[in-house]
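Each structure below is given as structure tokens.
Next come two complexes built around chain A: one with chain B, the other with chain C.
And then the complex of A and B:
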């Protein structure tokens, strides 16, 4: 739709007045200033701070050059947080986009109760973060949690209730599950809307050519989905990377830093250890990651828009 | 909009009477999905409405054995021991209303700038918005906290609303731009021919047509602030000024909090966002994927 509008404006351009048009700049300026004050300046401050030593109660702020970066690269907890971030990212991307795809495929079928199923499957997305944490905090309670009923039913040989969120091996899969539970409906809705925009004629043509349902999926649905799937994959990476509340409130990064992603580590370094400059340094590493993923997203999106317009 | 393509109807070569058989896996999968998504929410509701001693049994009954709605009265009784959910929700209302007003005004500017003719730097402006949208709040919170602390602007809903607006603005702009883009050029041109200037056209033509989009923007901005935890917890320190997420979050760590009150507060807190998000879902999904899906 947008691409088409773009083509139209380009066609009318030569007849329009050629003088410089200032209106868009006037409209964009307040937003640029606003985001500059609240986003850009803090980023620059963060960058500046990473070259200083600024620890609460350790005297005035000093310029220390690259010391913080040297410390970061030698810090095994920093590398741990990168590894945890990667595991969490890969885990949530696979589970949430995979479940989203499966739910979209299901909802694209015609069956009784489809609209109810669709509403139910959208619920977690509409549910706020904090109540989500409350629910799972209660379900996964070691003594009273309902999960123990299911666990004992499926694994009758369990001698005592697992510690769930406080178990070093279970914490990460559980956090991935919670994050994916909340995120998958979004990918499902996006993929479903793409599936429903595939022209019916393509399926008819495939049937005429003798394609089975499986082949129709493989040669009609899948090729139309792949660009969106890639975009959703990158988007899911970013959403996973920035995930703070669900992890912080459910495990706090523990046990033993098993779920301490990079953003959690930045927050804890600054607000628990009061080492603002070192927190800022890890933050700069985080910006680099986000910047790279966002550029990849913008690049893919533009290529796709160009393909749709041409 | 509910245009369905049923591959099964189009492509299934089997006679009609066997079809329900091959649909069993479909129903099983749908049921499993619905169970996994709905059970946690169901369980929250059950744990709130049944007397708390039943929730604390082992094993807990999977269906409520008795229903007791007194808990909702107690949550709002204003007693310190159950948390001040009444005050916190009021605070969240103030914060969310402020954020909605700021976001609506600014997103009209931004969307109108992006929806019209192409201009130099438009791509860069779009990229700036995208970057802002993708940025993890937890990476910005340290410098923002430091500055706001220095300027003595902490413990203010106005400050918090300004910060929340900065983060929700990009998606608001995408949502509104998508709606503006669906307005045919002919309508805009006709308005210009009739002697409207472009601000008049925005005000008299575009905004009335885009009313559903404005509603969607309002809902998104409102519930962004309503749900936001990180900035609210770091920029507000006085307990009576907590927003609802921060207040409820603070109750998790207090061991003596009765679980039914805690979950009850969470339930009351969630009802409005769930209803409104489901209502404007189509706009939000399109805006969040920022151009990945059209329409």
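And then the complex of A and C:
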């Protein structure tokens, strides 16, 4: 009765209703202003910068039109960074989501000390980036790293310790490993929570139908996980694309640009070479890549929804 | 009864209507905004303010072992000598310093009232108008500047005062040399042999020089000297010389040392500690670096065992870098005056000598800046003194204004060389092409 009365009051007072209609906008205003000032304006400024030439301390900023884009498309290091970014992204997504799925399957089983195991699994994710890099830096040090003991044991024919993160061929797999080690608990925990929400009746029905454990996974667990896995995949792509700290602190993009992703390239161009305009141009290219990934995800999601609806 | 009333009261107290909340919020915001408008910074003279003038001194010295303490001691002495000016520490580590300053300059204003600079960075900032004339400081201090400080002049007036001159040389641990039965190298070949003899991985290494991609500025800073070891330079005027014979020979020598005698993959901090514990025998470093091995070393005898080799390389030159201290052109005029008072005090011969000695420096910036009695105590400095000076503009040509940009071209190719991915000649041919493109871009601006 009170609620109905409340509704009637609103209907009979148009000015009060109008005032209340503004309230959501007013409440959203701070975040809109924040996003505008700290995100939208810098993005627009970056777009603008990509059409200029700015050599710091050497005269005014000049408008150069599409020159920076022309330079970028002819720049083999840009294409190298793009390739490295894609390799890092794909590698990190496969390893981190794969490891997350495996750990979720493992932790979904009943065993003694399961809650402790779950807590331990989250540790890498909870670790800050800097100590993580320092730990791996020392483990993988060519002269003093503990990994050399295992390498010498497993590969006795080695004449000297591998260069690990300073080896052009090993640097990328190792950086992928570090990034995946840090990220997999997040994916594991999300997938575990989805697994635990799958109705037990489905597994019982599958058992009654004579399904093996592998078949139960293939026909019951996996279909239930696919929407989440897709979301995890896209998130992992974006997280991997944005990864800066782990790569920069561990290899600095080296050796010989072997781990120089687009983000690292933007940083080095802008803040080491002080070529802000060209750095902005590479940044715009990076923005386009993330935008394309997001669009692809939206497309896949819509298609899946349509298939489910049909 | 009372039990029922209590929660009611608290509810009444804490309930604020949405309108009240917005009112309070907007009142607080308005008060904050108006306070910043109503109370602009007014530069009252000291005698009215009755408080000390606070100056921020922006430098990487604070983080440098030995030098940081020396500066703190001098500033303490300055504070005790007067009551009007107080100097505050400000700055970043050496590897980030120039980058941070340039980014600040890009945003319009450098943070410090006083700041120190590298020679190349100084030229760039002076050109961009971030420094002021310090002629009156020189006049007040009554000193004669060294000839090297001519490069710090703009329209004939000195805009920065050299506060530390450093020169490259080869520092070695004599005890390790004696234990291995080797003497100072006499030429490049004997140097390579000695370095290899002194290496016993992973316990002991013959030499260290920075080489990590994650320390690009330090790598480039020291790599420049490796070409000078073959009497080479990296650029002449606006023409890069990255594939010239001396540069290629310098990089080949580095690669040989890297393969035979260096602790590969070791960062500068760790290497300095290894030198301090007598696990690295030699280091191609600037004279200023020796200070860090004077105290707190694992080997208490290390400092007494340090020597610098007589120049044995062709030409016998060492890059000599002057590091000026400047007054920020964009700080308040009264702070500029106070900064000049401090510099006039610091540049008085007696104070300058004390600073030089506390810093363990060897090359004075002013006539009579070093006491002979002090110089005699520096057993490690003979090689540095015997090395012929070559300045940064002589080594980098017009690229002195774009030192870091050139380094960004060289360092990735240098890494390719160390990784054995390409030959030195191929890597530097590619680097030369990129440096020519850089020249076209930056010099046209």
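Rule of thumb we're sticking to: the second predicted complex is superposed on the first by the 272 of 310 C-alpha atoms of A that agree within 3 Å, B and C clash if a C-alpha of one lies under 4 Å from a C-alpha of the other, contacts with A are read in each partner's own complex, and residues count from 1 in each chain.
Basically, a contact is a pair of C-beta atoms (placed from the backbone, for glycine too) under 8 Å apart; a residue touches a chain by one contact, two chains touch by 3 or more.
Every value quoted in this text rests on a predicted model; they were computed, and no experiment measured them.
Asker: I'd like to know which partner A:249 touches here: chain B for first, chain C for second, both or neither.
Answerer: both
Asker: In the superposed arrangement, which partner chain does A:144 touch: chain B (first), chain C (second), both, or neither?
Answerer: both
Asker: More chain A residues touched by chain B or by chain C?
Answerer: B
Asker: Looking at the overlay, what does A:275 touch: chain B (first), chain C (second), both, or neither?
Answerer: second
Asker: So chain A touches chain B in one structure and chain C in the other; where do those two contact lists coincide?
Answerer: In chain A, residues 23, 143-144, 249, 271, 276 are touched by chain B and also by chain C.
Asker: Could you please specify the touching residues of chain C with respect to chain A in the complex?
Answerer: Chain C reaches chain A through residues 18, 99, 102-103, 105-106, 124-125, 127-128, 201-202, 212-217, 263-266, 401, 404-405, 408, 412-413, 415-416, 418-419, 421, 441-442, 445.
Asker: Where on chain B does chain A make contact in their complex?
Answerer: Listed in rising order, the residues are 3-13, 23, 26-27, 29-30, 33-34, 36-38, 40-41, 43-44, 47, 55-56, 58-60, 62, 106, 109-110, 112-113, 116-119, 121-122, 125, 127-132, 134-144, 146-147, 162-163, 165-166, 169, 173, 178, 181-182, 185, 198, 223, 226-227, 229-230, 234, 244-245, 248-249, 252, 259, 262-263, 266-267, 269-270, 273-274, 277-278, 281, 285, 288-295.
Asker: So in the complex, which bits of chain A are touching chain B?
Answerer: Contact set of chain A toward chain B: 1-3, 5-6, 8-10, 12-13, 16, 21, 23-25, 27-28, 30-32, 34-35, 37-39, 41-43, 45-46, 49, 99, 102-103, 106, 108-111, 113, 117, 119-139, 143-144, 146, 148-149, 181, 185-186, 189-190, 193-198, 200, 203-204, 206-207, 211-213, 216-217, 221, 228, 231-232, 235, 238, 241-242, 244-245, 249, 263-264, 266-267, 270-271, 276, 279-280, 283, 286-287, 290-291, 293-294, 297-298, 301, 304-305, 308.
Asker: Where on chain A is chain C touching in the complex?
Answerer: 23, 53, 55-59, 62, 141-144, 160-161, 163-168, 248-257, 268, 271-276
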